[in-house]
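Dropping the structures in below, format is structure tokens.
Heads up, the next two complexes both have subunit A, just with different partners, subunit B and then subunit C.
And now, the complex of A and B:
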């Protein structure tokens, strides 16, 4: 299998540097004391409600990390898990985490143990609550459904990368009357979560989770940097739409040269011609 | 088995175990510094591999195999991918151990549901044997029965549950309770009607050409999917992409730390 990546052109490199500069600039500004305010995100605010509900009902919480490997999406889900586990530890509630990846299994165990220790209740951490089920999609889904039904979980948190099993997990939670909060960047699964869960975190809200939950200046600054980056991308989009419209009006609708020009600019880097491409 | 291959596996195993033992001996602060350094170097490697144009060499030490698409780092991408897979292989044993511990405890203490734990051990042993011995003639049938006759139908059965779950979830989602739910219901109604003959019959009397053709149900459905839906999806995609970039930067530069983002560094 060829694992080589494509290479950045000058335009891609310039854009990436600009976006990274904006994000890092805002992070360091926030760390220096210019901490911004972020709006309330209902899905994330509901996390504490879900933990409180589990405590009142005396039932456990289920937290699924989805089917992703140890990537950025799962790291973000682990950050949310850390917060959920700390709140659960505070109220002496159990958090059951079924995982499908052996690497994530050991990381998850550490996150949970650290959360209970940080709240001064290490004895409440039960290693059996982090369960490696299977690395097969539907075997994992069946396992999670089984846990939800046997344990009668009071709340379900579904954060990470999901595929077709998303609705199976969400409906299983709904059937036992669990309060459900889901968050995923998998755009094809968002409609299923919206239909089946009480709260759904979509798009960049997913990456805003750690900022919202911890209120740490680094995360808050990063979030503002992300907003500035989106403004830059949106500006490019608007300028290109206007330029394309103008070109179309002045060239009788023929877009061939315009598209070719944009493509050449976007893919150019030194040595491309010499390399024979 | 090839002797050289066996030696390579054994030396890789010894190196891995030695590395893990060394990591355990390090103090917490030292281990964290090592992780920060390794994360930075790994991130820098992939960044440079991405930004350096094809044909780039480093003092001619490692010339790229294909000058039109590789730089001097490209040939190492696959090697590093293999190393990551080996590290993952070590962790797989942990997963199996966790399963065996949980089910073993349930079985030996005869807790409720111990039959499921027994089924787990029987299935695990049978599947492992069938997988290892599938090249032997006597085991071919066992392997086929277990994988094609049992495992695959079980997976398909779980997948088929989706049909019922989609119906119940759609029923709840499309109930007209709010403005958003109403919009969702209208959009779903249009798209669903455009997929079935009875829906298309409703607007069959409209011409297939001219402005009136855009009022046909299939045209409206296509517009909902390719304009309204696509625009929203792309907006979400931009947000996700930028969020991914920001989080990657924070992880690469170790601006987060501790129990995975508990506190700042």
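And now, the complex of A and C:
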């Protein structure tokens, strides 16, 4: 039996070790007291505004975690939920969280309970505000639409993995005049959130959310480490574009061998047959 | 007769769900709850028939007795409702979270590295000009968009601000293109439903007297 990891290669291993080293290095530096700066992200700054609005209007907040399972995207959404719930608890506001996954349901309850407890108001946590609707996409969407309309939510936060229901949820919030902040790495749904929400967190901003909101040194260090990783990747890109240009000029534009060489380099692993054989 | 009932039920349910476009009302509320209840029941049935029965129950009865431990691990989830034993549920969740982090590493190798390698393109060469323009567009877009997503410094210097701003514009152009193509898919779904209401219901749903 071949026990080597799928897709593992020396180049991938070296690159992942380098990037992990950079991120861990920045995390340790931040925890040692060198707290880094991160720039303002307007969409994330609007989250507190949304909670404040709900408090002023005396209406609840809706936080949808999307359709994802227990993955990185949903964990990030849960981190944002933790922050929203803490601010809401501070001002004695309700946060309603409809979920579509049984595993996420229990984790969400924990996050909400912890947030209210951390703010010294455990009695404000209402277990009924975490609602399992359905794991079917449009049944979930119709349930969230119903909640938004019946509860007349003042603010909607849509964070997580979304599919075709994204516009249905955002439109329902728009119908009741809710302030809406959405964030998703689902590229095909970002345009719908941009069209229907007040603030949209796009691409990498989504993964910067927990660092930005909590200002925890560990998260901040991780975010800065990721910036450094991007610099490494951009440097590799610039070097390889120059190499490709040089190759093309010296080989009359024929790039077949160059591309094969790059492929072989990325896929090479001792003892494994070379790429393309 | 059965077909007739099904078609009419589907038509009524469709119109009831669409009624929220006017405003939230008791008919929508009723059908929303029916929809959620049916969908959840359907999911439980599918979970048993597609996952638990072939992958757990049948192997267990077929001699692979150790599958009984899956029930124990699954049961640990429910300890979340027993404050004294809630730590057991955290064990399972932590394993799942660790697994999600591990899968993210694999995603880096399978998704991003091939994308990075595909960006290694020449910007000057004897190749046809349209290919070079294409290459240049890809490289500029990657660099500009990555610059937009730097968080550790303010985009104050003119070069960084200009590149990040270009990145934002390029993102918006891409989102516009995605919006257009996805809207077409949504219109196709609406057309399919309207076709059901104006064609299928009259042709199959009206009893011949």
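The criterion applied here is as follows: the second predicted complex is superposed on the first by the 268 of 277 C-alpha atoms of A that agree within 3 Å, B and C clash if a C-alpha of one lies under 4 Å from a C-alpha of the other, contacts with A are read in each partner's own complex, and residues count from 1 in each chain.
The working rule: a contact is a pair of C-beta atoms (placed from the backbone, for glycine too) under 8 Å apart; a residue touches a chain by one contact, two chains touch by 3 or more.
Model, not experiment: these values are computed from the prediction.
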So, after the overlay on subunit A, do subunit B and subunit C clash or fit? They clash
Review point. Which partner does A:78 reach: the first (subunit B), the second (subunit C), both, or neither?
Key: first
* Pick one for A:124: touches subunit B only (first), subunit C only (second), both, or neither. => neither
Who does A:29 touch here: subunit B (first), subunit C (second), both, or neither?
neither
Query = Looking at the overlay, does A:269 come into contact with subunit B only (first), subunit C only (second), both, or neither?
reply = first
Next on the checklist: Looking at A:41, would you say it contacts subunit B, subunit C, both, or neither? Reply first, second, both or neither.
Outcome noted: second
* Asked: If you stack the two complexes on chain A, which partner ends up touching A:164: first (subunit B), second (subunit C), both, or neither?
  -> both
**Message:** By the touch definition at the top of the document, which applies to A:114: first (subunit B), second (subunit C), both, or neither?
**Reply:** first
Kindly classify A:203 by the partners it touches after superposition: subunit B alone (first), subunit C alone (second), both, or neither? both
With both complexes superposed on chain A, which partner does A:214 reach: first (subunit B), second (subunit C), both or neither? first
Residue overlap on subunit A between the subunit B interface and the subunit C interface 6-8, 16, 72, 75, 103, 106-107, 110, 133, 135-136, 138-139, 142, 150, 164, 167, 187, 190, 192, 194-195, 202-204, 208, 223, 230, 233-234
Per the touch rule, the subunit B residues reaching subunit A in their complex are 46, 49-56, 67-71, 74, 77-78, 81, 87-88, 91-96, 98-99, 101-102, 105, 113, 154-155, 158-159, 161-162, 165-166, 168-170, 172-173, 233, 235-240, 242-251, 253, 255-256, 258-264
Touching subunit C in the complex, subunit A uses residues 6-9, 12, 15-16, 36-39, 41, 70-72, 75, 103, 106-107, 109-110, 133-136, 138-140, 142-143, 145-146, 149-150, 164, 167, 172, 187-188, 190-192, 194-195, 202-205, 208, 212, 223-224, 227, 230, 233-234, 236-237, 240-241, 243-245, 247-249, 252-253, 255, 258, 262-263, 266
The answer for subunit A against subunit B in the complex is residues 1-8, 13, 16, 19-20, 23-24, 27, 31, 72-73, 75-76, 78-79, 82, 99, 101-103, 105-107, 110-111, 114-115, 118, 128, 130-133, 135-139, 141-142, 150, 164, 167-168, 170-171, 174, 185, 187, 190, 192, 194-196, 202-204, 206-208, 210, 214, 216-219, 222-223, 225-226, 229-230, 233-234, 269-272, 274-277
Subunit A partner, complex, touching residues on subunit C are 17, 20, 23-24, 28-29, 32, 35-36, 38-40, 42-43, 77, 80, 89, 93, 96-97, 100-101, 103-106, 108-110, 113-114, 116-117, 119-127, 139, 142-143, 145-146, 149-155, 171-172, 175-176, 178-179, 182, 186, 189
